[in-house]
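Consider the two complexes below, in which subunit A is the common component and subunit B and subunit C are the respective partners.
Let's turn to the complex of A and B:
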């Protein structure tokens, strides 16, 4: 009886496999529709432009695994980026100081979220919707929405690690955002699969009461998860300014749901305890392909927003439905396999 | 066990009060290394509280001592108790459904050894070694969510073992197991003993207790009545130590064929659950439904209560065909269902006893403005608490502070307050002690006298024989037999069920 798994639960257990299949299919379809789509330069380009969102998604994934959710990360990224930009452009402070300050602010805002959630016991989604509003509006209020255009060269100069020319004569560059994404992914993967903290985060997301009983430090884990997301958001924010060469206070704002849906597409469960780093990366790839492909096909960007909303709805429904199915299946046949 | 061996655990003068309720008074008790020790007593006598005190969940009142290996260990906390080798298998098991069997088993041990890096291979090896110690074949790579309740229980035991347990408490571990699963668990308890691990076993099923225990400790009202070698006590003696009562003296089945039919079920089927069910329950009749777990009894009950839709067949109440689209419709028609899973389906644990007791009748209690008056609510709740003799600290206290058996009776109060015509009781006495079982049987009999039809689902043939006018036997989704207590012997029906 227990060997029998339903389609839903199997889908839930190995989302990476079907995600890969969907990506290949979508890639094929898009390259038929637009011959430039599946070319190496376009793919590397896509990777580079989605690196910022992917790094945020990796951080968010850690919070999702811990059983929480965070909507404020884009606002956190904006604040961290803007403060660092102001320090660099107006005060002319050295690179390490600016970068360090930006990252620190990210961590601090993340820890503040964790404190509200753990000590005040506000539901994570409510707490972070509120802090998103506070962080972002505070930034807009203080800055009056003014962008910082005169970032120093150390920040905006392109850094290329590797470059090559394709047979068709296009230049392919492996630049800082791509390398940063790879490093972030590797770090998160090591954290979640090879460290005790990672095991504890999965355990806590799966059954918080049981985690508490076997002696997992719930407060510590929550501070870690939200702090980690704050760190990743800040890093993503700094990287975004590097890519576009300026700091615009509301440039990142509005990315929350897209990043969330990428993580969820990749199999991270909104109820906690489930998800993998490769899954999240595949989720980002699919999202990027979709947005890019729809763009190439000239479809309105609202359609993309519809897709994002549906992704969150559908994957949440699958989680709930298959849990319900499991519960219904449980009592029957329990006696038959003893 | 040699009587001379020094105890692993010793309590002296341990008391625990919750506000006004004294849950434990002045307990002296010990557990020897590698012994199997059973803890018995009525609902609310303090068994779970004792476990939680030793496990570091509750701090005892000042004055007592807890010794482990002869060393005083108070104050305790859960982490410290675990580090000293005390493990508790709680009824909810506290496992991680999102992780594999191996990860569930290894996680606690790994947390205790900060220097060792996590690796899947190491966790797997530890899990396999532990499963092997118990001779239990289970694939460590399986997801926990794929396992049955009894397999999960063994995973929980393995987790304790892997974390170097020396004493394992099991609080009513057999309450939700089938007979075969109970046998398997008992054999695992024997293996733990052979490994030198002490097991303290809490159960209301006394036949298990006398079978497995080396020593038995009886509690009554928060006090220890005494501890005896198992050889010196039998079931009857334990019952009299607990209560001084004799319960299962033959209740005679009545011939109800003259009474008007209340519920008639014709050709009811639902794919994968039950097939071609025909049954009649007359007004005032008590009908038992027994069989193995998984025979489809609960599934049938859920359909009679409108929670699931049958694929075909008819349900008639008083000759009227019912179209049960929801459990609200069933309640309205006069059908109530007391679920077997009292903790997840029956109660809102954090809410007050009064709020829970009136949950099912809240619609009927509204006044002209659609509001429920506090006075009426309390009066109704109070009435039922008295009628069912529920032991409570106060109507306003949350249900979760009650002992298991008293929670069960609040569930019953909730449904009885709805004044049903047909009452379906699904395993109503699981986790209920002998005296309170008797209380529930008396309630069933009183309701039947008032003309309520009752369908009583139970694993225990002895229970159906003590309460029912007829007993139906279900197997693999079908009703395969009917027995009238008195005409057929208990043993004959048991033999048929476990054939």
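Let's turn to the complex of A and C:
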């Protein structure tokens, strides 16, 4: 019993550890069951198709660490993507202007969320549900739901950084989405572990009142966290249009809960102050692997949602139950330990 | 001060003084401001939209408000307890699917009156049992693991939706007995039956929340679960009760949905999920839990539906309606905050200085 509790508390310290174990286990099982699973082309394919969601999850992770939550990021990404696409396709503006405008819009919408949360004091989940409705509905209203298909070549041309042929003759390409994901992950990791801002965000998420009293600029931190998520969402939105070669206003909408699941699976806590970049990436990897693996095994894709539901329920229960061993001194955590 | 997701609200952070005040007065803006807003909207639309002030508008208003209203009631109970139920739409859809499937499978082609009624009754009982089971499991998970309700219900939503989609392959089940849809769309004393069901559910829930020990316990848990537990209240059992109540309301909603759509699917009404939270918060339900009245929710729902009906008659897009809903929520919460903070300043001055014990 004692041994078990120390084991569990070690798991609680590093949620990534058991997530990695689950991933390795699932990977082993899937590669035994399906020979195509553990091949380089399949893995690179997976990476590319989940890059957009992963970049959003990294942004959301920063907000989660700061003790907030954001539901509006997919709407933000859609707006940023569509405006940039309209500028490029209809006005023929140069790439830098379009990309810059898209990213700026993302940051601006994120800052607007932060202003509502900090100055108007609306709870983050309520504020972002409201702004999600506003951003997305206005986008659909103004555009009439029309897609932009004639994106310029500079946007949709596939950019390959490295290319190689496997012995089996498959072409493996390291493309822009993969590189963007790596850059985003590195940036977020550096920010959260190697910068003053990152440490302050963790402190604020852990205990906002204590953070305020030691002189952390709470307003600044809020604006930074939501602005950062806005930036990452916009980048993900631009990247998504690059992948599919068109801008569909409601293509990203509806991804919110999947991205949130990934971040939470990776150990980011909804009460703030906890979470790591590797954890978030592992969360995405687990979801991607399960979906892809089940596909390869010929299991109906309809089954996938059931698996996600079970994974969320089981992993969060284990995390919280093990956390009970060493109650954290925080009001919310205590209140929830019924 | 920043606001963590489930932390104490701005007012709760200021200690007992503001708490008692809120118990006495509730949120002032939602008590007086919302009915005024509703009245202004109705008058405005009646003046500027020619066909607005007619019986037809009012009847379609009553038809449309029932489904969103019942789902919002299902969201309000967990919200008052300090939680959230993201699985309400999934639960209602699955219950509707089960009932539709049972009616289709059990009903012989040439079923007479008694058989028909028996089958419908059996389907209703099965739907109710399913919702009770879902509510019980959700509540037990939340109460006994202590996992945040957002996460638990995110998981159960995915699970329930997944099972529904897996079993139906994403298809729609239609072929409900005519009498079922006909009863649902009938009117009684000029009011649609679905609207009467909604009003009945709202009144019952209002009595349960305001006038029973269970209702008080739910509000107490929403205010401070630890203090409630130390008051010798079985918080776990109450939490299970919260999610069972929420699921039973989903069952009632599923009957209305089945009658309204004349079919069932895993994909119906998904866009209502966040709107129910919006309606509840607009109606003065504290997103941190502890406070909220069914009456406030009813006014908020009426406001949302009046905007929707009015815009509809003006020929404006549904998307614009949703955008306006979002803006109204932001405006109302902002007004409440400003109102409250001004009030708090006076209160604190009256108390001279807050005692150290009331500091967070």
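Here is the rule we go by: the second predicted complex is superposed on the first by the 286 of 338 C-alpha atoms of A that agree within 3 Å, B and C clash if a C-alpha of one lies under 4 Å from a C-alpha of the other, contacts with A are read in each partner's own complex, and residues count from 1 in each chain.
Operating definition for what follows: a contact is a pair of C-beta atoms (placed from the backbone, for glycine too) under 8 Å apart; a residue touches a chain by one contact, two chains touch by 3 or more.
Because the structure is a prediction, the values reported are computed rather than measured.
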Subunit B versus subunit C as contact partner of A:140, first or second or both or neither: second
Which superposed partner A:316 touches (first subunit B, second subunit C, both, neither): second
First (subunit B), second (subunit C), both or neither touched by A:195: first
Touched partner set for A:166, first subunit B, second subunit C, both or neither: neither
Which of subunit B and subunit C A:214 touches, first, second, both or neither: first
Greater residue coverage of subunit A in the superposed arrangement, subunit B or subunit C: C
Partner chain in contact with A:274 - subunit B first, subunit C second, else both or neither: first
Which of subunit B and subunit C A:257 touches, first, second, both or neither: second
First (subunit B), second (subunit C), both or neither touched by A:205: both
Which of subunit B and subunit C A:295 touches, first, second, both or neither: neither
Subunit A positions touched by subunit B in one structure and by subunit C in the second: 205, 209, 211, 272, 331-332, 334-338
Of all residues in subunit B, those that touch subunit A in their complex: 78-79, 82, 90, 92-99, 103, 107-108, 110-111, 114, 117-120, 143, 145-150, 159, 178, 180-181, 184, 272-273, 292-296, 298-299
Subunit C to subunit A touching residues, read off their complex: 1-10, 86, 141, 143-148, 150-152, 154-163, 165-166, 169-170, 224-226, 229, 235-236, 239, 274-275, 277-278, 281, 287-288, 317, 319-323, 325-327, 329-330, 333-334, 337, 341, 360
Residue ranges of subunit A touching subunit B (in the complex, touch as defined): 2, 5, 13, 193-196, 198-200, 202-203, 205-207, 209-211, 213-216, 269, 272-274, 326, 330-338
Subunit A - residues contacting subunit C, complex: 66-69, 71, 116-118, 120-127, 129-134, 137-138, 140-141, 144, 204-205, 208-209, 211-212, 218, 221-222, 257, 260-261, 264, 270-272, 300, 302-310, 312-313, 316-317, 320-321, 324, 331-332, 334-338
